[in-house]
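By letter and in written order, the chains are A, B, C and D; residue numbering begins at 1 in each of them.
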Amino acid sequence: MNTRQFLLTASEIEAMVGEEKIHFLNPNAQRINKSLGDAVGLNHMGVHMIYVEPGRDTTEYHLHHYEEESIYVLSGSATAVIGGDRYKVGPGDFIGLPRHTVAHNVINDGEQTLVCLVMGQRLAQDVSDYPDRGQRLYRNNGEWNLVAHESITDPRKK
Amino acid sequence: MNTRQFLLTASEIEAMVGEEKIHFLNPNAQRINKSLGDAVGLNHMGVHMIYVEPGRDTTEYHLHHYEEESIYVLSGSATAVIGGDRYKVGPGDFIGLPRHTVAHNVINDGEQTLVCLVMGQRLAQDVSDYPDRGQRLYRNNGEWNLVAHESITDPRKK
Amino acid sequence: MNTRQFLLTASEIEAMVGEEKIHFLNPNAQRINKSLGDAVGLNHMGVHMIYVEPGRDTTEYHLHHYEEESIYVLSGSATAVIGGDRYKVGPGDFIGLPRHTVAHNVINDGEQTLVCLVMGQRLAQDVSDYPDRGQRLYRNNGEWNLVAHESITDPRKK
Amino acid sequence: MNTRQFLLTASEIEAMVGEEKIHFLNPNAQRINKSLGDAVGLNHMGVHMIYVEPGRDTTEYHLHHYEEESIYVLSGSATAVIGGDRYKVGPGDFIGLPRHTVAHNVINDGEQTLVCLVMGQRLAQDVSDYPDRGQRLYRNNGEWNLVAHESITDPRKK
């Protein structure tokens, strides 16, 4: 086995061509995404280096019912929105969201590119909510089902 | 809900009292461990800031059968041992070990404190091997069973 | 520990008061359900003795994306509908549905009470479809979300 | 899809050639095993029709740490040993063992072939104990590790 495949040096990460990602619910959520985890073959957790320009959101404000997620800021400054509250964050700050707690987002309202390490579980099944859009996403083994909150009923309640 | 609990600033991390950890199989594997994940309430992934002094190992050379693990070097320089091969690593380098691939360790053979962010799955069940000690550890829902490789047989092989 | 709790004799099963169940999507799906599994404390699989009167359906025609299910007929005769095909079944016949294959139902079109042992996985997360009703049920840790198929979109397809 | 594959009639079950199984720790634990679940393609639960001759044990006395198991007696009479206690069982009796409770076995001390339906979870990872042999079996993704209880230590206890 070629053991070198499990190592990415800083300059290799620098040289990686990132993927441009725009969130399907938020055209202002734009980032360059380099999946370090995928590059070394991790399957069950995601580790991403993300680059977000000033004025952009890292993602759409969301809450995972199952997947835990965390963010470590490497450079830049931003506002983290956590359960509706706003916090200024900068290099060396850490945000971690246990499953099914509160929604969050990180907005680059600084003047530099925001660079973060984003680490999360990669589960076969998850449910996430987008409270500002009134939408829920069910992910099950690669199938994505997006549903408006108002289309969901509980069959046990009459 | 107090949303501030999900954020740790750099200065709060600095101020955290770390846990001194010595590996049960390797008295030279000594580190200060600050569990950022535990501090914000993550249950299903571990995110740790580790501090390792020159001459020390971060852990005992090991291989997880199930838990994926990754390391991002923040400062210092070290030698990563991956599947028996040795690589120099420094700030901004990333190591990721998919499950059941090769054993690894990181040795601080530099002159500064090595500081890394260590991120991994936290599964209820795992098996890990310590090839240099001829030992296997079975972890099942909090119970730890350590067994010498030579005490293990396969009942299907006669 | 009282070990007697893990045993249910035939006469104890006979004496159990079953639960009358009517499916929320099918008023003709009526049965008496005795959960043998629950009675002895099983948490991760369901084992049910079900009693279905002539003319009734055991359940609504459905397909599980995750939970495997199987049925062993003890007495009576019925028609099993499996993926749209109809099969006569009687005592000693066995039906098993691997996950995400085809929808099924069992209809008591005989003249006696149909008695079956129904055995299935009990997962924290499942998705099931009711093709004749155009509905999908997402079950996640006790929360039930029923959604019409026509309200579901795939956000990755534009 | 051929939907007939999900149905096994009583006469097809009768005609199946069973597998002769002898437990690796108990030469008297002999049975004929017809896996109904495998025959219809179930992957995540086992459903077996077992046939045990007078004087034989169905299996070795054991306890699963994870896999739930249950037994429904179809014909014959036997003694169930549950957590050291002995109970006479016969047709229509049900035994269910929640995970990590007590060890059990079923011994055919009657005069007829004992026929049972055995239903259990089929997990990728399990630990089971054989208290009368002082052995523990770790099963992890198809690898079987048998270890004497006396070879197991807890590295956290010094």
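As a convention for this text, contacts are C-beta pairs under 8 Å (C-beta built on N, C-alpha and C of every residue); 3 or more make two chains touch, one makes a residue touch a chain.
The shown structure was predicted, so the numbers you read here are calculated from the model rather than taken from an experiment.
Enquirer: From the centre of subunit A, which chain's CA centre is farthest?
Expert: The chain lying farthest from subunit A is D.
Enquirer: Can you give the whole-Å distance between the Cα centres of subunit A and subunit D?
Expert: Comparing mean C-alpha positions, subunit D is 45 Å from subunit A.
Enquirer: Measuring from the mean C-alpha position of subunit C to the mean C-alpha position of subunit D, what distance in angstrom results?
Expert: Spacing between the chain centres: roughly 24 Å.
Enquirer: What whole-number Å value describes the gap between the mean CA coordinates of subunit A and subunit C?
Expert: Here subunit A and subunit C have centroids separated by 38 Å.
Enquirer: Out of subunit D, which residues touch more than one other chain, so two or more?
Expert: none
Enquirer: For this assembly, give the contact graph shape among line, ring, star, complete and other.
Expert: Contact pattern: a closed ring, each chain touching exactly two others.
Enquirer: State the interface residues of subunit D toward subunit C in the complex, per the touch definition above.
Expert: Listed in rising order, the residues of subunit D that touch subunit C are 1, 3-4, 6-10, 13, 36-37, 39-45, 47, 68, 70, 72, 80, 82-85, 87, 89-99, 101-102, 104, 117, 119-121.
Enquirer: Inside the complex, what are the residues of subunit D that reach subunit B?
Expert: Contact set of subunit D toward subunit B: 24-25, 65-66, 125, 127, 136-138, 140-141, 143-148, 151-156.
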